[in-house]
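Chain naming follows the written order as A, B and C, and within any one chain the residues start at number 1.
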Amino acid sequence: MTWVNAIVQGLLLGGVYALFACGLSLVFGVLRIVNLAHGDLTVLAAFLAVVATGTLGVNPLVSLVVVVPVMALLGFVLQRALLHRSLQGGELAPLLVTFGLSIVLQNALLQTFSADTRSLPAGEFGTASLQLGDGLAVGWLALSTLVVAVAVLAGLQVVLARTPIGRAMRATSDDPETAALMGLDDRRVYAIATAIALATVALAGVFYGMRGTFTPTLGPQLLIFAFEAVIIGGLGSLWGTLLGGLVLGVAQAVGAQIQPSYGVLAGHLVFLVVLAARPSGLLRRKELR
Amino acid sequence: MSALLRVRDLDAYYGHFQALSGIELDVDAGEAVAVIGANGAGKSTLLRAIAGLVAQPAGAHVELDGVELRGVPAHRRARMGVSLVPEGRKLFPSLTVRENLLIAASAAAGRSRDGERRWSLDAVYDLFPNVGRLRDRPGGALSGGEQQAVAIGRGLMAEPRVLLLDEVSLGLAPVVVEQLYAALGTIAASGMAMLVVEQDVGAALRLAGRVLCLRAGRTALTGAASQVTAAAVTAAYFGK
Amino acid sequence: MTDVPTTPAPTTAPRVSRTTAASRVAAVVALPVVLLLAALPYLAAPNVTRLLVDLFTLVLLATMWNLLAGYGGMISVGQQGFIGLGAYAVLVADLFGVNPYLGLVLAMVAAAVLALPTALLVFRLHGGYFAIGTWVVAEVYRLVTVEFRAVGAGSGASVTGLSAVPPVLRGAITYWCALAAVVVAIGGVYLLMRSRLGLALTAIRDEPTAAATLGVRVRSAKRIVFVVAAAGCGLAGALIAVDSLRVQPDSVYSVQWSAFMIFMVVIGGLGTIEGPVLGAVVFFAIQQLLAPYGAWYLVVLGAVAIAAALLARRGLWGLVTLHRDVRLLPTGHRLRQDR
C-alpha cells in the first residue's frame, strides 16, 4: 500500500511540475528562448501571493485574482523591455539576460523577504483530504492542482491550435519576418505569449506555495524540475509536458519512499536515463513545436 | 495625380554594402511593372525595401497613395495594403494551407471592416483549385508549384493595394508558370497594382506593361514593355 | 585580344601574420611580470598573496568558461559540478594520506574523466537546454557526494593533511600553485586556439553546418573543449579546497560559481583571451567593494550582466580595443601586405 500511495502522491506532485513546465515550454516554443529566470519568476509569484494574502487578508486562492494579472503584465513588460532586445543579439544574449534576471530576482527577493521559509496557508481546503481506502488519502488541494494543470495545458493546446492568436504565435515562431509581411507584429505576439506563460507561472507559484514551503532561493530548483518535465515529455508537445511532469513526480515520490534523500536524485536519474535512451522525449511531436 | 506606389531616390544598405542606389519608380493602380536583372542586381532588395524589411534611409521616399512609409514597420505596411509574396515562398510549416491563408487575413482586418472584402478562402480556392484540395495539409508538405500558389493566395488574403511578387517562376515547370501567370493576369485586370520580379523575362513581359531593369543596384533600363527590345534587355542586364 | 599592359606584380606577396605589435610587446612583458608575481611571497604580506589566490582562481574559472562559451559556443551553468568534484578530489586524496597538493593534479584528472560521460549526455541538448542539462548533472554530482559519510555528507569536511606545514609556507605554495594554474590555463587556451582545433572551433562557431560538411569533426572538437574546461574547473575547485582547507558541498557545488563565471566573461568580453582576465579583475574588485552589502551586490551584478549582454556585446575588452589593434594574445590569422 505504501508503494501505491507513493505513486499516487507522485502523480499529484507531477501535476505541479507540469504546471511549472508549461510556461517554460510555451516561451521556448514561441520565442525560442530558454528562460533561465523561469523558476525565480515562479517564486516571485508565490511571494506576490504572500503579500496579497497579507495585505488583503484573503485566501491564497482568491489572491490569484491579483497575482495572475500582475504576472501576466510583468511578462508583457519583460518581453518588451528585455527579451525582445536580447533576441537581436544572437543565441547567447537571451541566455545571459535571463540568467542575469534570475540572479537579480533571487537576490532581490532574499533582501526583501529574508531567507525564511514561507508557505501560503490555504485553510481547510489545504488540509482536507479524500479517503480512498485504508492508508490511501488524496489531498483536495493536491487533486485540484492536478486538475488545474490538466486544464491549463488543455487550454493552452486549444489556444495554440484553434485561435487566431495561437495561429499567430505558431507563424511567428516559424518565421518572424514572413509573419510581419502578414501584418503580424512580432513584438506583440511575443509579448502576449510571454504574458500567457507568466500567467501560468503565477498559477504554478501559488499552487506550489499552498502545497508546501518555499524560500527566495528555490527558483533554480523549480527551473530544473520544469526543464526535466519538458525534456522527459518531449520538446514542443504540451501533452508530453504533462506526461513528463507526472513521470518526474512519480520518480521523486518513489525515490523518496526508498529513502527521503533520494527523492530529487531519483528524478534527476530518470531524466538522465530518458536523455540517454530517448533524447527526443517520450512524446515528441515533430509538426507542433 | 501621383501614382499609387511612388518610389524616389531609394537607396538600401546591408551594413556598408550599398545594394540599391537612387531607384525611381511609379506604379499605378491596375498596372503591372516587371523588375528584371541579373542575380544579385538588387531586385529582391527593392521589393523588401518597399515592404519595409530593409531599412529606408533618410532622403529615400516610398509612398503609398501619397502617404510616406518611412519609419513604418513591415507589419503596418502590410496592413496598409503592401503585400509581398517573398522569394522562396516562405510558407509557415506549422500551419496548414488554410491557416497559412487565414493568417494573412488579419492584415486586412483593420482596413476592410467597412469596405467589402475582395478575397476570401473561397475566392482563393476558385483562383487556384488545387489549393482548395490541399487545405488541410501542413504548409511544409507541398510541391514547389503548390507552395507558390498558396503563397500568392496568402498575399491576396491580405487585401493588397500593391502586390509585390518575387520570382514566382523560380524552379517551376513551364506549364505551372503558365497557370500561375494566367491567374496573375486576372488579378491585374481587376485593378491591383503589381510589381513583379522575374528571371523569366518572357513571362514577366506578357503580364507587365512596363519594365525596370536593375544592374548592380541601379536602374539600367526602364520603359514600356512593348518598346523594350531583346537587345536592349541583354545590354541592360550585362552592361555594354 | 589586344595587348593589355600588365600591372606590375607586387614586389612582395602578402604574408599571413599571426602577431600584432601589441602581442610582441606583451610577449616581452609577460615573462618579467610572471617572474615578479612568482617572487611576490618574498616581497608582500601573506594576506596579499591570499587575496591573489582568490583572484587567480577567478581568472582560471573565467578563462575556462570563456573557452566553453566564447570558443566552443556552449553555455554551461553546470561548471560548479566540476569545481565541486575537484574540491572533493583533494578531500579524498587527503583521506588516503596523499599530499593535498598532489590532489590538484588528481582533481584535474577526475574532472576530465567524469566530463566524458557527462558530455555524452548533455551534448544531446542544445542552446539553453544544454545549459540546464549541465546544471542537472552538477546537481547529481552534489546529491551523490552528500550521500558519502566519509567526506562529511551534507556538512563537508576539512583538509587535514597540510596542518603540519607552517601557514606562511602553505600560503606561499598555494599561491604558486594558483599562479602556475593561471599561466598554464591562459597559455594553454592560447595555444589551443592557435592550433588546428582553434581553427575548427572558429569554423563551427561561425557556421556549424558548413563546418560539419567540410569535414570538421564538430562533436569531437566540442568534446575536447568540454573536457579541458572541466579539468580547469576541477583544478579551480581543488585550489579552493587547499586554500580554505574546508570543503562544503553547498558551497563548492553552488550555482553561484556559474553566475560569477558568466558575469566575468560577459563583462570582460566573450571570445577573447584578454577579456575574461579583465572581467575577473573587475569582478574581484566589485566583490571586495560591495560584499558588505550582502545580496544587493548580486542584484547589481545581475543587472550589470544584463546590461552588458544587451548593450556592450563585446564587453570591456571590446571597448578597449574598439579602434585599436591591441590584441595581446592574437589567435587569428591576418593578411599583411609588406611594401
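Throughout what follows, a contact is a pair of C-beta atoms (placed from the backbone, for glycine too) under 8 Å apart; a residue touches a chain by one contact, two chains touch by 3 or more.
Chains and their UniProt names: A, C = Branched-chain amino acid ABC transporter permease; B = ABC transporter ATP-binding protein.
Here the structure is a predicted model, which is why all the values come from computation and not from measurement.
K.L.:
Busiest chain-chain interface by contact pairs, anyone?
P.N.:
A-C
K.L.:
Of all the chains, which has the CA centre nearest the overall CA centre?
P.N.:
Chain closest to the assembly's C-alpha mean: A.
K.L.:
With centres defined as the mean of C-alpha atoms, identify the chain lying farthest from chain A.
P.N.:
The most remote chain is B.
K.L.:
Based only on mean CA positions, could you tell me how far chain A sits from chain B in angstrom?
P.N.:
Roughly 43 Å separates the two chain centres.
K.L.:
Centroid of chain A to centroid of chain C, CA atoms only: how many Å?
P.N.:
Each chain reduced to its C-alpha mean, chain A and chain C end up 33 Å apart.
K.L.:
Hey, how far is the Cα centre of chain B from the one of chain C, in Å?
P.N.:
Result: the chain centres lie 52 Å from each other.
K.L.:
Would you please write down the residue numbers of chain B that are in contact with two or more other chains?
P.N.:
none
K.L.:
Spell out the residues on chain A that touch chain B in their complex, using ranges where they run on.
P.N.:
Residue positions touching the partner: 164, 167-168, 170-171, 173-175, 177-186, 287-289.
K.L.:
Which residues of chain A touch chain C in the complex?
P.N.:
28, 33-36, 82, 85-86, 89, 91-97, 99-104, 106-108, 110-111, 220, 223-224, 227-228, 231, 235, 261, 264-265, 268-269, 271-272, 275-276, 279
K.L.:
What does chain B use to touch chain A in their complex?
P.N.:
51-53, 73-76, 78-79, 83-84, 86, 90, 92-95, 99, 102-104, 106-109, 138, 154, 158
K.L.:
Hey, which residues of chain C end up touching chain A in the complex?
P.N.:
By the definition above, chain C touches chain A via 69, 73, 75, 77, 120-121, 124-125, 127-129, 131-133, 135-137, 139-140, 143-144, 146-147, 255, 258-259, 262, 266, 270, 294-296, 298-299, 301-303, 305-306, 308-310, 313.
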